[in-house]
C-alpha cells in the first residue's frame, strides 16, 4: 500500500502540469457545488424563519371557565405539528388590536366594554410543508369542543409557503443536478488525463504488470486529486464566505436568521464525494483503457 | 479559411474520444451556469412580484374639499418612484377594515359615525431597491400640505425587501462565480486536451508549419466545441425546464408571477461565452505549448 | 532432424495466420522452437516479423491456428493470466516502448516491481543491468533526452532485468553502432548460455552472418525455405 | 583541398558546442559543407550525430559558436522565420516523428499544406512520393498500424516530398532490410544528383562502404580525423 502511494505521488510529480490542471478543474467544480449548497441552505433558513410567522388563533366560547380553557390548551398543544400554544385573554387581544391598527385605533377609543373573545394562539412546527397541512390542523382545532372559531394568518403567507415549497424543490433538484454535473466533470477530466497516458498503461501491461498493479496508483491519484480539489474548493468558499459575511451580517440578517456556513458534515460530505468522483473517473477510464 | 475548417473537422474526427469527453465537460459546465441563471431569474421575478405589495397610505386632513384632494392625488402621482395612486374614501376604508379584522369585526358593529380619515393609497414602482427609499418617499409625501399622516406596510415587508436585496446581490455574485468557474473549467479542459497532443504541435513545427498554420484549426476546434457544448447545455436545460414547468406551472406560480425560461438574449450570450471559453482554452494552451 | 521429446518444445505453432483489416500479416505458419534455442527471424520490411513476436506474447491474438508455449495453448489463457505469461518473456520492442515520463531507472524497475520484488533487490539489480548495457550514470535521465542508441540499450536492459526464460528481441541493434551492437549480441548470447531461449527479429546481415544459428526467413507472411543451423 | 568561393558554402560551423544539463553532446565543431555535397556523419551511440543535425534545423540552439546556413547566422534568425528555415530542410527523424492520429497521407500532405500548396498538387505529389518509397496503397493507414520499416519509409517520403534543398537523414535505413535500404539510398542519391545537399547520420557500415563520400566521424562530441572523399 505504502509502495503504491509512493508510486502515486511520484507519478503526480512526474506529470505535474496534467495534475495541476485536473485539480484546478476539480476545485472549480466543487466550488460550484458548495457555493450553491451554501446559498441554498441559507435561503432555506430564511424560508423557515418566514414560515414561523404562521399562527392559528382559536377563539374560545364566551364565559368558558378557566380550568376548561387550560384543558383545551393542553389538548391543542398535543395536536400533531403544534409547536407552542399561548393563552391570549380578551384584554390582551384588545391591546394588541389597538397596536396593530395604527392610525385607525381612534375607532376603538369610544368602545363600551370589550366584545372580543378569549383566544389561544397556536404556533406551528417548521416541518409544516404546505398550506393544506395548515388548513388541516386548523380544521382539527376547530372541531374541538369550546372552540368557537379559528382564524389563521393571511392567505398570502399561505400562498408564499407553497412557493417556498416549490423553491425548495427546485433548489434541491438543482443541487442534485449541479452535484451530478460536477461529479461527471471531475470523472471526465480524469478520463481525459488518463487518455493522454494510455500508451503508458499499454507498456506496463506488456512488461507483465497485472491490472491491479497498474490501477492501484491511479486510483490513489484520482482519490488524492479529488481530495485536494475538494479541500481547496471548500476552503476558498469558506474564505470568501467569511470575508463577505463579516461585512454583511450585521446589516441584514440578524433580525430573522443568521447567515451560516455549510455544516461541517456537509462540507465533509462534499469532499468525500469529490474523492468519489476522482475514483469514478479512474474507474471509467481504466475500465475502458485496460480492455485488451 | 474553409481549408482550416476542413482540417479542424477532420481533426475532431481523428480524435473523437478526446473531443467527445471535452464536449461533455463543456456541456455540463454550461448546464450549471444556465440552470443557475434560470433559477435566479425566476427567483428574482418572484421577489419583484412580492415587492409590489409595498403600499404607502397617505391620510388626508378632515374636511378637505374634493377638488383639493384631486390636486393632491395628482401631486403624489408625480412624485418619483410612484407607480399608481388611488383614493380611498373613509367609507371604503371602514369596509376594508371590517374585512381585514375577521373575527374581531364585531368590535366595529356598534360604532357611531365613521372616525376614519379619507386616504390616498400609493403603489410604488418595482424598481425600488431598499427600504430606505420607501421611507424617503413616505417622508416626501408626508411633507405635502393636506397630508395628515402616512403609514406604510408592515415593517416586516421592509425588512424582507432588504433581504431580497441581499439575495439578489448574492445571486448575481454567485452567477458571476459560476460563470467564471465554468469558463475556466472549459478553458482548462481544452488545455488538457491539447497537452496530450503537444508532440503533434512539435512535429508540425519541425516540418516547417508556421504557428498560425498550426493554431488556426485548433482555435476553430475550440470554438466549435464551445458552441456545441453550449448549445447542448442550453437545449438540455430547456427540455428539462419545459417538462418540469408544464407539470408545475398551473399548481403554483400563476397567482403572483409565471415561471419563464432564460430570455433569448441571455441564452445566446451563454453560448457565445462558451465559445469564448473554448477560444480562451486554446489561447492559453497554445501560448504555452508553442514556446520554442 | 533429431526426434524431440514433447517436453523439449517450448514454442509450437500450428497453421497460424494473422490478418488485419484488409491486410494479411502472417499466413499458415507452422514451426517448433525447442528450449534454449537461438533463433533469428528475418525478412524484408513488412514481412511479419514483429507480428510473429506479438503473437507469442499475446500482443495480438492469432486469427487462425494454435500456439503452444511451454505446453499451454495461448488461446486458452485467461485475461487474468496474461501478465504471468508475459513475465516469462523479456521483450525488446522495435520502438523501445519506454515510458517518457519515467526515468530510466523507473522504467526498468517497473518490471521487477510488477513481479513483486523487494525494493533493495530492485535497486541493485537495475543498477547492475544498466552497467552491462553501458548506461550507468543515466539512471535519472528521461528517455526523450537519450539518443536513439541509448534508448535502445535501456530497452534491452529492461528486457533482460527479470532473467526471463524467453527473450524476444525485435531489431535489437537497429540503432546501434557495430561495437555497441556486438556488446548487446554477446549479452543475448550470455543469456542464451545460461538457459534462455532467444528469438531475434532482424535485418542485420552482420548479425545473421556472425551468429551461426537457425534462421527463419519470412516473406509477405510466409516462411521461406527454412534452414536449421545448430550452434 | 580546393579553395572555395564564399557562396559555395551552404553550411559553416565555427567552434560550435552544445551541452545539456550535466552532459556535453558536441564540443568545438568547426566544419564547412558546400552546396550539393553528400556527407555521412557516423560515430558510436551517443556521439552527438542527432544533436549535430538538430543544431542545423534549430531543433536545439548551440551553446557556443556560430552556424551559418546559406550565409544566414542561425543565432540571428527570429522565431517567426524558423518555419521558413525549416522548409529548406527535408528531415528524416531517427524516431520518425509521425503524427499517430493522422493517416499516412495526411502526415505527408501536412508539409505541402504548411508551405501553402494547392490541394490538387498536394494530392498528386503525395501519391507519387508514396509510390517511390513502396508505400502506395497505405494512404489511409495510421502509423501505429505500420511495421517499423514502413513507418521509416513514410518518414522518408515526408522528408523528400517538398523537394528540399537540404536533406537531413538520421539513421534512415535503421529499420530497413538491405533491399529497401538500397532503394532509399538510391532515392537520396537521386535527390543529390538533382542538386540537393544530403547529410546522413548512420551506423550502417554497408551504407558507408557503398557510398563513396565525405565521412565525418564523431566520438563523444568531437570530430575525429576528418577525411574527405569526393564522389
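Order of writing sets the labels: A, B, C and D. Residues in every chain begin at 1.
Rule of thumb we're sticking to: contacts are C-beta pairs under 8 Å (C-beta built on N, C-alpha and C of every residue); 3 or more make two chains touch, one makes a residue touch a chain.
Note that the coordinates shown come from a computational prediction; the quantities given were computed from them, not determined experimentally.
The minimum number of touch steps linking chain A to chain D comes to 2.
No other two chains have as many C-beta pairs in contact as A-B. Look at the CA centroids: the one farthest from the centroid of chain D belongs to A. Here the spacing of chain C and chain D, counted between their Cα centres, is 31 Å. Taking the mean of the C-alpha atoms as each chain's centre, chain B and chain C sit 67 Å apart. With centres defined as mean CA coordinates, chain D is found 63 Å away from chain B.
Between chain A and chain B the centroid-to-centroid distance comes to 22 Å (mean Cα coordinates, whole Å).
For chain B, the set of residues touching two or more other chains is empty. For chain C, the set of residues that touch two or more other chains is empty. If you draw each protein chain as a dot and join the dots that touch, you get one closed loop, with every dot joined to exactly two others. Remark: the chains found to touch one another pair up as A-B, A-C, B-D, C-D. Listing the residues of chain A that touch chain C in their complex gives 3, 10-11, 14-15, 197, 199-200, 202-211, 213, 292. Those residues of chain D whose C-beta lies close enough to touch chain C in the complex are 20, 42-47, 49-51, 94-95, 145, 147-150, 152-153, 170-171, 174-181, 203, 205-206.
Interface residues of chain B facing chain A in the complex, by the touch rule stated above, are 17-18, 21-22, 24-25, 28-29, 31-32, 35-36, 39, 43, 46, 50, 57, 59, 93, 97, 101-104, 106-108, 110-112, 115-117, 149, 151, 159-160, 162-163, 166-167, 170-171, 173-174, 177-178, 181-182, 184-185, 188-189, 191-193, 195-196, 244, 248, 251-253, 255-256. On chain D, the positions that touch chain B within their shared complex are 57, 59, 79-80, 82-84, 86-87, 89, 91, 93, 97-99, 101-102, 106, 110-111, 113-115, 119, 158, 162.
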